[in-house]
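We just call them A, B and C in the order they show up, numbering each chain from 1.
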Amino acid sequence: MAVAEAAPELLSPAEIDRAFRDPFSPSKRTKATSWIVLLAVLTAFPLVFTNPAVTSIGVFTMFFLLAVVGWNIFSGYSGYISIGHAVYYGFGQYTVALLIMHLGITSGVSELAIVPLAGLAGAAVAVPVGLLVLRVRRHTFIVLTIAVMFIFQLLAFNFPSITGGSTGLNVTPPPWSGNDYNLPFYYIALGTAAIGLLTSWAVRRSKFGLGLLAIRDDEDRAKGLGIKVTRAKLIALVLSAFFVGIAGGLYAIFIGQVFPQFAFTPFYDLYLAVFAFVGGLGTLSGPVFGALLLGPLQQYFELQFGATTLYLIIYGVLFVVILLALPRGIVPSLADRYRTFLASRWRRAEERRGVEGSGVTAGSMIASAPGAAPAERGGS
Amino acid sequence: MLVLQGIVDGILAGALYALMGSGLTLVFGVMEVINFAQGIIVVLGAYFTYTFASHLGVDPFVTLLLTIPIMFTLGYAVYMLLLRPIKRDRVIMSLLVMYATAVVIEGVLDLIFGGTLVEVTASYGTSSVHLGSLDFPNVYLLAFGLSAVLLAALYWILYHTKFGRSLRATTQNLTAAKLVGINVDHVSALTLGIGVGLGAAGGMLFGMTTPFNAASSYDLISRLLVIVILGGFGSVWGAGVAAIVMLVIEDVVAVVWSPVWGQTIFYLVLALVLMFRPQGLFGRRLARAQ
Amino acid sequence: MKSRQLIGRLWATGPRRRGAVLATAAAVAAMAAPALGAGTAAAHVVRRDALHGVVTIGASVSLSGDFSATGKTTEQGYQAFQTWANEHGGILGHKVVFKFLSDGSSPTQVTTDYQKLITVTHVNFLVGPYSTLLTKPASEVANRYHMALVEGIGGGPSVFEAGLHNVFDVSASAVYQGISFAKWVAKVYKPQPVAYAAITTPFNEPIVTGIKNYLDSKGFTTAVYKVYPLETADFTPIASAIAATHAKIVAIGSQPPDGEGLIKDFVSSGYNPTVLFEVSGPDQGTGFVKAVGKQNTTGVMWPNTWYPGANEGVVNTEMEKILEKEIHVKSVSLLSANMAEAFSAAQTLREAVDHIKSLTNAKLIAYMHSSKAKFTSVQGPVCFKSTGQNACATPFVFQWQHSKQLQVLPSTAAGSSKVMNPKPKWGQSKY
């Protein structure tokens, strides 16, 4: 009998996977198909809705999407909520502006070609910043990231010989006509966001990603288990800063100017956190939905209701309702509800069929308690 | 001499910030809520004073008799309606809910007052007391006095009333407080009420020292957060000391060097202190498990 | 709690209800799309010179966020122009209609707003938003559609450094605004230390650097130069530092409320400069008097392109009347210069369009750049450099004298009064 008891240990990882797979979560194929459909829809969007006013909202939404996906790699997985990612955003903006100015780049294509350098600049500055801010946790971390962001904003004001100070820097935008202008930015941001999402997915599946999740759940225990916590957090921060830096670089070229108060802006930080939270923090798809939903909504509200000053009230109320009704974010909350629904239907079907033996599997056990949020929120 | 004047300026302004920040730190101590709306609460208090003072023609200080009860009720209601339902990720969820609340209040204020900068004026507003070559502007002296009185009252409530005992118990250990039969929700709601009321009182003084509109709240909240975290989240004393230390540093640097650097150093000091004392100057070590 | 359960139940009641919710969402999205102007490629290639009985002018204004106060006055200036123009035959005999969008003081939203104004609202002409920070991205968008952007409140150097051909600023540009004052100081005073301070905005700081560069070239020195951030809450340290230099001449690149705040601090510390120049604060009319006290206003100078009750002819009087009526101000002196700046932009645009007798932006741009194009606005004469600055602008300097706002510089300009020099000590002038 002792042999039989030891048997579960001999199961292959694939078998364990099968045994514990949540029977009501979509299959891998469904998930992959959904991602491909989403990508196709986003790719087709500016070709269907060609109006520049619409694609302009699309461009900013893609910029946000790219940054939120990046932000989530660090804050979502490690649980360290950064309200200071504008540091990397601003660094990306100034890098691009200064390079274009000092290298005298004028053609639109070569301007966009240097955007990856903005990402590298963001990643580079994340190393010293990370070594500083990652010494503290939780709310102290949140406020410290805000403070560091303000330090960078003030430094941009304080060194006018480099940054132009309050006069800012001019970036000559690509000389394209109005109807074509938005598309390159849209597709580059979308492509980079897709790369960001793949990175996020790879991180989530790796041992390194598991380490981050362990840090989120209990950092001291993770440390005790031998995870090099500081290194893991720092690597995640650098990865995430890369994508936010690229968003900054693209933004600077798109808008055509860099000012300290718009490069290092607390609002940007708040938006990233809000988008990720509303969508579902630390999940792969949550931030995507958050950005795709709230990004355009906000601009649309300002456009439609801004002139009546009602827009802030509408936006705020809607936001409160979402937070209170879907406290874990749209994706995890709705996934939970859907699972509850499927499970109850399955149970009813079982009951109708009559109890055919008590074949309780691990899967059905999870299914019968679907409300109990699975520990790995990264699942959806 | 110039440095001395900088120190005086810093202490006087610091007392005002201590008052505005005390509500923020108190609320955090009891329920781990970062009240992101504290900035707009201060502005709301200032608008109340402005409205009452200009329509009823009374002295700004008298308007507090109306403003504080109204704001207290508002705080109590916000807790019961918006914060009590939050069950998980409390720190960040409550931050976001309070941010959303701030956005709504900002929208309402914009709708009513339309963004024009306004100022609460009083006849004694432009003069100051001279002591040697130092001057003490009247408005700031009054602000200092009111801050001292209100903070003393807060101290009395915390240490000499039954409610204060429940509140401190909740701050120290939420679960234990629940176990000994403290109605934690009631205590929390009262605390938010008090925090918001203090913010409103600070708002009256803020309105007397600086012209404001709804958008002023953003500068306020970033500054208040820095002060509160430096003092140690949850420590009212800490907030007071931190406010004065920070404004003295900022004002002295502004006087002898440059105002832009004054503010840079304000944030640099915070970053440095937190690296070596993550719990802030007077904060408790984080004993409560995550 | 209850609402949460309710919403929870709504989602859990089964596929039919959920289907209805999704259908509603889809319907809302479908309705939203045309509102946003989602259309085919052909739809937004319009003939902008097509007339639909009215001439439309588009502007993005900041109705929320940091610039909400000044954004509102900008909108009021444009609205006053709409009323005025329609009382005077519109543009080319057509009714004038303004289309406003709000930008929440954000360059992101400004970019979308102007694209919407151009490609969805199909406005005939564009006028500027509030501030240099937002004018730059707005002008880039307009440039992509070869449309002119006529503006009155975006005079920071960054707007003109981009080398755009389509932006026209009808007000005096920042670097130029302090120049009459600097010339006067150099003429009247011997070289000596001057105290400067400026707020870090792309408009205010360049005014002070403009003055400083001119005075430096004439042998003046800098006693102190304090640059302070927008978020400054307490002005006493800046005032103390300036007072400690005992400089006789002080030039401050302030904006409200710091202009008033600094004077209050000077008064209470008993520091009496003989020349005090503030970019903004003294221009706030009654607001300024209330803040610093009547007895302390005399002698304070500020640059401006306009002031309430300015002797700029019939149109100005008419504009002031309209503004008074439309925004219910108690007195003309409460009107803000932003309103006149916005009004001037639209007024200049109207003159140019009436002259070319066409709604084509290309013709408009060509005409406004031509050397013979000269305009008259409520702020005075307007003509454009190739970069878009107003080359004909007179950088007036005003001074409070006995509770009145008087134009004092340039002394050769029509309507100038004598400069009161030195400034009387605080509280010691008759008002």
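In the analysis below, a contact is a pair of C-beta atoms (placed from the backbone, for glycine too) under 8 Å apart; a residue touches a chain by one contact, two chains touch by 3 or more.
Model, not experiment: these values are computed from the prediction.
S.K.: Let me check something: if the centre of a chain is the mean of its CA atoms, which chain is farthest from subunit C?
M.R.: So the chain farthest away from subunit C turns out to be A.
S.K.: If I rank A-C and B-C by number of C-beta contact pairs, which comes first?
M.R.: Contact tally favours A-C.
S.K.: How many angstrom lie between the centres of subunit B and subunit C, each centre taken as the mean Cα position?
M.R.: 34
S.K.: When the C-alpha atoms of subunit A and subunit C are each averaged to a single point, how far apart are the two points in Å?
M.R.: 38
S.K.: Name the residues of subunit C that each touch 2 or more other chains.
M.R.: 4, 63-64, 200, 227, 229-230
S.K.: Which residue numbers or ranges of subunit A touch two or more of the other chains?
M.R.: Those would be 154, 157, 309, 311-312, 324.
S.K.: Would you give the residues of subunit B that are in contact with at least 2 other chains, written as numbers and ranges?
M.R.: Counting only residues that touch two or more other chains, subunit B contributes 85, 106-107, 110, 114, 218, 222, 258, 260, 263.
S.K.: Which part of subunit A faces subunit C closely enough to touch in the complex?
M.R.: Residues of subunit A touching subunit C: 49-54, 56-57, 60, 154, 157, 164-168, 170, 172-173, 176-179, 181, 254-257, 259-262, 267, 299-300, 302-304, 306-307, 309, 311-312, 324-325, 334, 337, 340-341.
S.K.: Okay, in this complex, where on subunit C does subunit B touch?
M.R.: Where subunit C meets subunit B, its residues are 1, 4, 63-66, 68-69, 71-72, 105, 200, 226-234, 236-238, 240-241, 244, 256-257, 260-261, 264-265, 267-270, 290-293, 296.
S.K.: Can you name the residues of subunit C that touch subunit A in the complex?
M.R.: 3-4, 7-8, 11-12, 14, 32-33, 35-41, 43-45, 63-64, 100-104, 106-109, 111-113, 115-116, 118-120, 133, 136-137, 140-141, 144-145, 156-158, 161-163, 200-202, 205-206, 227, 229-230
S.K.: In their shared complex, at which residues does subunit B touch subunit C?
M.R.: Of all residues in subunit B, those touching subunit C are 1-2, 5-6, 9-10, 13, 84-85, 106-107, 110, 114-117, 119, 121, 126-128, 130, 135, 137, 209-211, 213-215, 218-219, 222-223, 247, 250-252, 254-256, 258-260, 262-263.
S.K.: What residues on subunit A touch subunit B, complex-wise?
M.R.: These residues of subunit A touch subunit B: 81, 132, 135-140, 142-144, 146-148, 150-151, 154-155, 157-158, 218-219, 266, 270, 273-274, 277, 281, 309-317, 319-320, 323-324, 327-328.
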